[in-house]
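Each of the two complexes below includes subunit A, the first together with subunit B, the second together with subunit C.
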Partner chain A sequence: MSKANLKVKTTPPKASSKLTQRFEPRIVSFCCHYCSYGAADLAGASKMSYPTNVEIIRVPCSGRVDPLHVLRALEEGADGVMVTGCLKEQCHFVTGNIHAEKRMQQLMADLEAIGLGGRLVFELMSAGMANKWVETTSSFYDRILELGPNPLKHMKKEVKCE
Partner chain B sequence: MTVRIATMGMAGCSGCHIALLDIGVKLLDILKDVELVYSYPLVDTKNPIPPNIDVALIEGSIRTEHDKEMAEAMRKQAKFVIAFGACSAHGGVNGLANVFGGIEGVEYVYTKTILMAQKLVPSEHVPQILQNDLRLSDVVKVDFIIPGCPPNPDEIASVLTALLSGETPVLSSKSICDECPLERLTEAPTKLRRTHEVPEPDKCLLSQGFLCMGPATRAGCNAECPRRGMPCTGCRGPSETVWDQGVAMLDALAAMEEDEISGFKLPRLAGTFARYTYASSKLDNLRKGVKKE
Partner chain C sequence: MPTEETRIGVFVCKCGTNIAKVVDVPAVADYAKNLPNVVYSGWQLFTCSEEGQTIIKEHIKKHKLNRVIVASCSPKLHEPTFRRTVMEAGINPFYFEMANIREQVSWAHMKQKDEYAEATQKAKDLVRAAVFRASQLESIGSTTQTVPPVCMIIGAGIAGITASTLLADNGYEVHLVERSPALGGKAAQLGFVFMTDTCGVCVPPKHGEMARKCLSKRVLLNDPKIHVYTQTEVKQFSGYIGNFQAKLQTQPRGVNINTCTLCGKCIESCPVEVPHELDLGLGTRKAIYLPFPQAVPRAPVIDFESCTKCGKCAEVCPVNAIELNEPPKNTDITVGTVIVASGFDVFKPDGLYLYGEAPNVLLQLALARMMDPLGPTNGKLQRVSDKQIPKHVGMIQCVGSRDPNYYSHCSRVCCQVAMKHAVYIKEHWPETEVTIFYKDIRLQGKEYERYYLNAKKLGVNFHRADITNVEETTNNGLKLAVAHHNGSKEIVDVDMLVLSAAMIPAEGAKELAHTLNMEVDLQGFFREYHLKLAPVDTATNGIYLAGACSSPRDIAEASFMAAAAASHAAIPMSKGEVEVDLAKSVVDETLCIGCANCYGVCPYSAIQMEGGVAKVIEVACKGCGICVVECPAEAIQLRHYRDKQIYSQIEGLLANVGVAKK
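On to the complex of A and B.
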């Protein structure tokens, strides 16, 4: 009797139809410790609202973000990746954000070529620019909603690192 | 006791087999203990693959169904499989076909180019072309790689002699710069220079503005190209501490490049940074995933 009950319980729930499922993007944001993380912090402290889908990873400097980090995030199923750093000439490590910009611009072109265009954004902001943080995240969220889910989501299990 | 060795060629140029002959006099010492049981320059390879092969050297990347089948058949008979050369180890120059979507590139060549009179992709009496160019380890388990395009004869000899004496062969884990005799990089490049321009001798090529892939490339070739004034193209694949050769080089150059460098635009990852490793790069892995959809 109890076994029969258990069986009923373990049957998987019926997959809801696509119409009822709403696509909620997952956005990974690499924020530099000195500026854009501060901006996100300020946005929170001053009770501004921005999409909750943004998952922040704090890095010492935007120059720390390897293009491989971005590729890996996309491979693992992130729908969009943001890399944010300090304003030009305000980098705590002098040139980190300039290096990051060059890398990310190159990577954007390469992602475009393989059919993942628009899923990476690079922005510069100071710790006081909470407005810009809200603006960037909101517009990027809208863009990802338009682009739809990451086509690589099914790859998640066959990740190879070499 | 003789060691049974087989060599096999897939999508490649046989350059690795020539490099095997390039070992020179040392080859005679090696051949004393070796029986070459299967090798397409020497033996009729229509025969089935003989059993009990000790070491199999497989050259070239996997491009057709036939290649795939042969690699699997060889793996069944061989105890130790070596991916021989850049194509086999990392996808090689053939891997650049993947930039154009693998199979679409083939269609382009046969139907759009002027040289092809018939404008037809051959389909009869030829093996089916695979969707993507694959390296050997995508198809079968590979025990060891000998990188390089072509591989360094001295390295082939040292790997083979190590295997014959029952030792485990080791590849260098350093980068080309560690072996390069030129003066180490002291200043960032200020001007982009092309390969045909003449470099100053005894000075790091990268700091002179030549795109030398040395920092991201595995050592072991004794830096033959840079020491002769030819920038490294990265044929030996990523060094031990590098995950993705192209991305690593992009990373390094972005940090090095000044804003004022005239004409220094970072080229696309493929072709320049990942000339020999595109088929095994992260970017191509993502491209394959997008295509599947």
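On to the complex of A and C.
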């Protein structure tokens, strides 16, 4: 990406960054277009609240999520990563969620081995299951609060963009 | 090709106050100005409005934008709208990106005022992620797929038949696939139906016609464009709009419908007698039988499960129409579009209210059979145990509906069915008392209220109550323990109990959903693409829904829906082609090592191995990206969701995390 257009921010930075104040986890959730993204939308449309720090990356299918995407999110400083898809036998792409489950389970074991255990969650829900979205995000948020900040965060050299 | 400079425009939407009440929209727009490659950023009150879209187009011209980001509602709602907007301004639709700051920000975080600042921060994060991703987007073209004017309709209930005739009248060819031996679906079982109190599948004369006519007959006899398959199911299904391939399997009927004259001799001669499933145990039929008197096709059918192949029917048939050893038949068809109209079934409340145990406890559907003049009792109301006219009929509503233990949905027609039957009983057997036990009376259809007022006038008793226990008495009567919602309790004796059982997904709906790759909702009904904006479309382009297969509906509503589905299916067929975008997988042949991993996982057989490398059939690929993750050589990528595009979005989202710069 060209940095040429990166203009200097004019407003002064806040007195103390959030990180030093209190640990506020950053959670990235990969959501499939047809189901879990819809569940998140419905949670919003039904004015149900869940932690603000859960931010979504939309993919066509949970089967598109590569373990490398999850690792990249952790590398970039996410404290936790969610991969969510359609219910079993209801995947819009027939088998996408089955592949995703296999891949994510392997990845969870690998993360455990390198000391990042618990920072990935894999859940299935239909587009109507706003409740499940709220429950999953809330309980994952609590878990990450307990686990504390992602240790990789401190290896990240710079704030690329405030 | 010289790479052009990336020039991003960001349009942040207030959505009236929907977003602006929570998110500081001008601050988000200001923030975006400083993001890489952003040359314009501003906010609007309603970006999706005509005016909002015009403003986007003006800014595209003025700032020579080549990427556009709208931060507003869910892309599920307006991504198509804005893709069109940018296209009209000369930008490839795949250079458009959306940040969802309504459903996922303002609405989700509006409860607590102290979260508003965080919500604004989240909106900034999402916009930043979109900006990073936008820089990596690529222009994607499209191809056209021809759509032949041929539609397959699954299910020949009122919805399937209506859609068939409408399409045939408009000149399209229809393959109507019905699982049972006769057309008409549930409506043909009902005898008379509200709101017209006429036969379920019979249509009134049109201008210039003399008499009413049978909808099923019309389909079968008068329309050379409609190919009817009874006793047939879709066994295999593949393809895409314009080129769906279905393998139909037809079970043997045992009777040649073209030669049969329906003299009925075979039926008389058959020695095997079994309970008739259509009459729910109220009557019997032979192994060779006509499903119901008006059944279309006009020929008996052999039930080969109970048939002993004694050959008596073949002996007596004067026209040699009996074919006892007919094998199942397979037919392959290719169609441009599909309408699913496979209807519903009635919940069997086994174990509830002595259903299945006490003879005088029955379903509304069985009562409907009873009151059909051509039904098993010739239209007479009678107790199953002793054929006496009941003195007191009780009806329990919401059996299995609106019940967290069974189905949570309201079946929508049962209240009205109870009114219809109660009124009919009171009009024909005024001595018989009728009591309806309900949770709520919900009569929303046109003309429904008339039945309710009539029922009240005729002295039908209404009790808002739960039935906590049912006991059978010595004369097969039923003793009901009634807990009124006002707190009082009483015992009520009835001598016939009718259950208004839930309308639920048709038997085999799950398998059909699987075969056609359709989504189902929590109850198991087929899911429409969008309840508000695309209620007859499914997630698969070219497959549409009609009737009670997507939700309980009455006949009128099933017909509206059939008309809507027919008109939707006609759009691509009348154009003769659809445009298919190429946001599909693509193989870099120089990197592919020919391992065929991708080939192995593609659920749509959209990958072929040719000359040792993988090749994607673009019209068959649905763009899931399952294959991409499987590739060890990074040779296959999904356009619009390439690795680099996903990475840039991740990077953008988390770009403000790290060791703070001094």
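Just so we're on the same page, the second predicted complex is superposed on the first by the 137 of 162 C-alpha atoms of A that agree within 3 Å, B and C clash if a C-alpha of one lies under 4 Å from a C-alpha of the other, contacts with A are read in each partner's own complex, and residues count from 1 in each chain.
As a working rule, a residue touches a chain if its C-beta (ideal position, glycine included) is under 8 Å from a C-beta of that chain, and two chains touch if they have at least 3 such contacts.
Computed from a predicted structure; not experimentally measured.
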item	value
Subunit B versus subunit C as contact partner of A:Ser126, first or second or both or neither	second
Touched partner set for A:Pro151, first subunit B, second subunit C, both or neither	first
Touching partner for A:Arg22 - first (subunit B), second (subunit C), both, neither	neither
Which superposed partner A:Phe93 touches (first subunit B, second subunit C, both, neither)	second
Superposition-derived comparison: subunit B or subunit C, residues of subunit A touched	C
First (subunit B), second (subunit C), both or neither touched by A:Ile114	first
Touched partner set for A:Leu68, first subunit B, second subunit C, both or neither	both
First (subunit B), second (subunit C), both or neither touched by A:Gly44	second
Which superposed partner A:Gln106 touches (first subunit B, second subunit C, both, neither)	first
Subunit A positions touched by subunit B in one structure and by subunit C in the second	63, 66-68, 72, 95, 99, 103, 154, 160-162
Residue numbers on subunit B that touch subunit A, as the complex places them	99, 243-244, 247, 250-251, 254-255, 257, 259, 266, 268-269, 280, 282-287, 289-293
Of subunit A, residues touching subunit B in the complex	63, 66-68, 71-72, 74-75, 95, 98-100, 102-103, 106-107, 109-110, 113-116, 151-152, 154-155, 160-162
Complex interface listing, subunit A residues touching subunit C	1-3, 5-10, 13, 17, 26, 28, 33-34, 37-38, 40-45, 47-50, 52-53, 55-61, 63-69, 72-73, 76-78, 86, 89-90, 92-96, 99, 103, 126-129, 153-154, 156-162
Subunit C to subunit A touching residues, read off their complex	6, 33-39, 74-76, 100, 102-105, 107-112, 115, 118-119, 121-122, 125-126, 128-129, 132, 135-136, 510, 514, 517, 519-522, 527, 539, 601, 603-604, 622-626, 628-630, 638, 641, 643, 646-661
